[in-house]
Each structure stands twice: as structure tokens, then as C-alpha cells.
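First chain written, first letter: the chains are A, B, C and D, and each begins at residue 1.
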């Protein structure tokens, strides 16, 4: 479609969770997104910026302001944001207001990228395609679907995102 | 964006290659696409039809006519075709002529889906998003990019698809 | 060496931990051991019994008595026990006293079997071989090594088992 | 059991096969064994020597003499040999004659180590344990079993090794 560069902002979430036996708990670690993009043989110019490593329930207004600022100030107009799923729609609303003229796609995963079975690479692929194809605005790519970022909610019990 | 159902037509290619020790060779096998879609937790209505299991160098005009016919006759207007990479652009040209009013996305993989490291799920995610977001026409989703299906070629030496 | 059947007793531990996004935490789940044995194409007669699903720090004296009883009463004389690593040596001591005449091998994993990168299948392979080859007694197979179960400790800081 | 160092000799075989889309064929590549041992968190002193990269049907008498020589001259007394499965028993016979006083374990895989589903790490784990536990002699670790290397054959049709 085009070969404009893509900016990837990572913020944490399940997609980047790892398990530490020494603590018998999981933690968000250095982002696995660059490895996923290499495995996918992405040949576009890309830039990956790790903004934070947080469970999305812990994101503050200041964190969201930082994400919006990074998206707005970047030279790229096609932006993918990896994000925890619990408050993904909240960040979408902030970005829709603060960065209206770029194509921004939020995605994440229900199962960590480090698992043998994970939705991470598929979701990241959806986000990359949407960033290239969709009109300016904020989109959410999850559950095999591309949603208007302002018209979607996470159905925690059903384990999927649904249009509203 | 919408929740229209997606039709997936599988035709073979590297994405569905497996290795058989008994023969000490690889062969295209029953499609792994349904398993990939389950792992990706796709919550859209989808229908997967296995049309053939061929290396794309072996596809005949009759095979391409069958793919076009399956795409045209289907009730779905958003179609993903998994396909070997060597003649993917040739099939794209046939589909652009024969099925002009639907959104058709061809994709495949450079490394089989059954490998631990593979571009298959990322590419399939790109195809799903493009089928939902892009205008009617024929698209190719490979190498991290969404290409106009009539303006792309495979650069075999470089191991990627490039715009022309 | 021989084709005597092998009994596998699963008790939980990191090897069988999974991650649940709905709770944003990991839990021990239905054992992945049968899937690992199928993937390894084990052609021996085996029997897998899930005794409990516990972090090994939660194992009680009653749990250990149950493990010992299951090992003692079984018709098999070659027994593999999957177990959390934190108290694996404690269970080894109980088994050495209670079931002296069988070959019992304890193993587990530092990284869950469901991860893309995990020591689980290698460790399980070590345990299967040891159960077939070693003399009656209690053995621990971890960190690439086969230890006398009474002469080993977990070095938590170093992330490995070491002989004492 | 002990912490004697282990020597790993790699000779090729399915365990180290990769798929090359540019040629649409598989080839034996640089050995994945060191990566498997790292993933398994092996904490023993080990040394890996890549002797050759051959399908075992292509191994010559000179190749087998080289394997035997490498095993005999090495300071290590516990040796693992990764090998194609088709002529594994033939190499076992040569080693039994030429290197009678060490514990040598041959192993390999029916599915390449680079596949998502593979018997490679389990088999390598069996080989490591057998090298530490078994008496001097030549052993074959495949199909979940440890065989006397002189009393086993590959049943190609059944896809497994069986005692004779």
C-alpha cells in the first residue's frame, strides 16, 4: 500500500509478561516485540520505543499523557501501541482526542508472547496491516478483528473484545 | 470496523509444509490454518475451505480458475487466500480480473507454520486485518507490508516482497 | 534396556503452570505431561496419574504420604514424579524411606512447559532415561544432571540444582 | 550421580534440518544442539563438537571412523552423539567395537528441532541422563526408551525404534 515507516510504542501488558521461577510470579520484562518483528521478517522501516513496562491496570493519567505525547511528537504517521488489555480502550480515548490526525492501532495479547501458544504475533500482524491501510484515527486490533477504538469494550468473562 | 464473516481459502504453499522423516522430505499437508486461528483467539465468524494442497509453482490455470470461482461464488465479501509465495502475484492478477468487487488478501509464509520460528501467524493477522479494513480489490500481505496485489513482486534473492 | 512400563505421577509445580489473563496471574492447571510425552513420541507403555496440582511450597506431610503411597502400591517399578522445585528434595527424602525398592526419579522445570522456551521436555527425557537405567533408589533429574536424591540441593540464587 | 563433563558430537540428521524457502527444500544446517542445551539450563561442563552435517544415509565408513576417533581420543568418558536415525544402529556397532570403554549414547529426532513440535529436546535429555547413569557401552536413546545399541532396530513404517 505504501512503505511509510511504522513506529511501535511498547507499554507493557500481558504480551510482554514472563515467568520468574525465583519469585514464583510473572513480571513484565524487556519487550519481546523486536524479536516478534524479526521472526515475522518485517521488511518495512520500523522504530521500536519502549515507553514503560506496566500492567495496564497500573497506568496513570501521566502515563497516558506520555503515550499521547510520544505519538504526537513522532515523525511517523503510522503508529502501533502494544498495551495491556484491561484499560486499552481508555488509552484509545485519550489518543483519539490528543492525536487525531495519525493512524494509531492498539493491540496486545491474552496469552504472553513467550508462551508456545499465544495470540501475540497474529495480533501484531493485524496492527501492522491496520496502521498501513486504515484511515487516520484510533483502532484496536484484538480477537481477530479491527475495531473503531471508541466503539469497543473488553468482555472479560468471554475473553474477547466486542463492538459496542 | 465491522463483523462481516471472513472466508479463508487454503491452497497449500510453504505455510502448510510439514517434514516427513519416513520420506526424508517435506510435503504440504492438511492445513494448519484452523489451528493458527484458534491460537489467535479469532472471534469473528469464519469459514475455512481447503481448495488444494500445492506448491504454488505447480498451480495450473485450472487451479487459478477454481480459486477465482470459489471466491466469486462465496457469500462472503472479505476473503483471505493462503498461497505459496512463488506465484502469489500471478494468482493476484487472475483474482483482480475475475472477482473485482470483493476484498481479497493473499498471504503465505517464508517459513512453515509448523516451525518454532515462522512468519505464518503474523502474516495471517495482517491478512485478516486487511480483509476487514481495505477497499475492494486484491492485496498481498507479506514481509510486514500490505501491497496492492498488482504492484508487487517477490525478490527471491532478498527473501522478501517489494513494491514495483 | 528394557521395556518395563513407566508410571508418571504429576503433583504440580512450575512445569504445569499456565497464565490466566482473566486473573492476571498464573495457576497450576491440568497437567501438560501427556502432551509432552506424545510430542516426544514415547513408545513405551506408560500410565500418567495426576495426584495433585500444587506449588511445592504448599505440599503437606499428607500430600507426601499420598505420593509415597501411590508409588509403593503401583505395579510399576520405574516411576517418574513431576514436582515443583522448591521442596523436591524434601519429597525425595520421604520416598527414599517409604519406597526403597523402586527406581523413582523426580523432575520438574524452572520455566513452564507451556512456554516457547522451557527446560520441561529435556528434564522429562532425563527422568525417563534414568527410570529405565538407574538402580533402585530416588534420583533427581534437573539442570542437565542426574543426582542422588539425597545428595542434592536447589541453589535458588544460581537457578540450578547442585550436588552436596 | 557425578559431575563428569559430557562431550557432544554432532553429525547431522533430521534433528538439525532446516527448511529453505529459496530452494523449497530442507538442508542440514549449523547445529541447534547448543541452543537446546541452553534452553534446558544444563549446568554440567559440556563441550560440543560439530563433526559433520550429513543425512545419516550419506555417512561413509570414513565418516564413522572419524566419529569413533573423536570419541576415543576425547578426554571425556561420557559422550552423546547426535545422528540421523536411518543408520544410527550401524554407527552404534562401529563405536561398540572401536570405543569399548566409554559410555556413548546416540540420539536424534524424528521431527527437526526447529519445529514447534519435536522430539529433539526430550531425546537429548534422555541421552544426557544415560551418559551419566549407564555403564560403559553404546546406547541408543529414542522413542522414549534407552536401548542397548547392539539390540535395536528402526522400524521405519511404525516410526519408532524397537528392541531386537
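Things to note:
The rule we apply is simple: contacts are C-beta pairs under 8 Å (C-beta built on N, C-alpha and C of every residue); 3 or more make two chains touch, one makes a residue touch a chain.
Bear in mind the structure is a predicted one, so any value in this text is a computation, not a measurement.
Ranked by separation of Cα centres from subunit B, the top chain is C.
Separating the CA-averaged centres of subunit A and subunit B is a span of 25 Å.
Our note on geometry: subunit B versus subunit D, Cα centroid distance of 38 Å, whole angstroms. Per-chain CA centroids place subunit A at a distance of 43 Å from subunit D.
Counting partners per residue, subunit C has 110-111, 116-118, 159 as the residues that reach two or more other chains. The chain pairs satisfying the stated touch condition come to A-B, A-C, B-D, C-D. Within the complex formed with subunit D, the subunit C residues making contact are 1, 3, 36-37, 39-44, 46, 110-111, 117-119, 121-130, 132-134, 139, 141, 143-148, 159-163. Listing the residues of subunit A that touch subunit C in their complex gives 14, 17, 19, 21-22, 24-26, 55, 57, 85-86, 110-112, 114-117, 156-157, 159.
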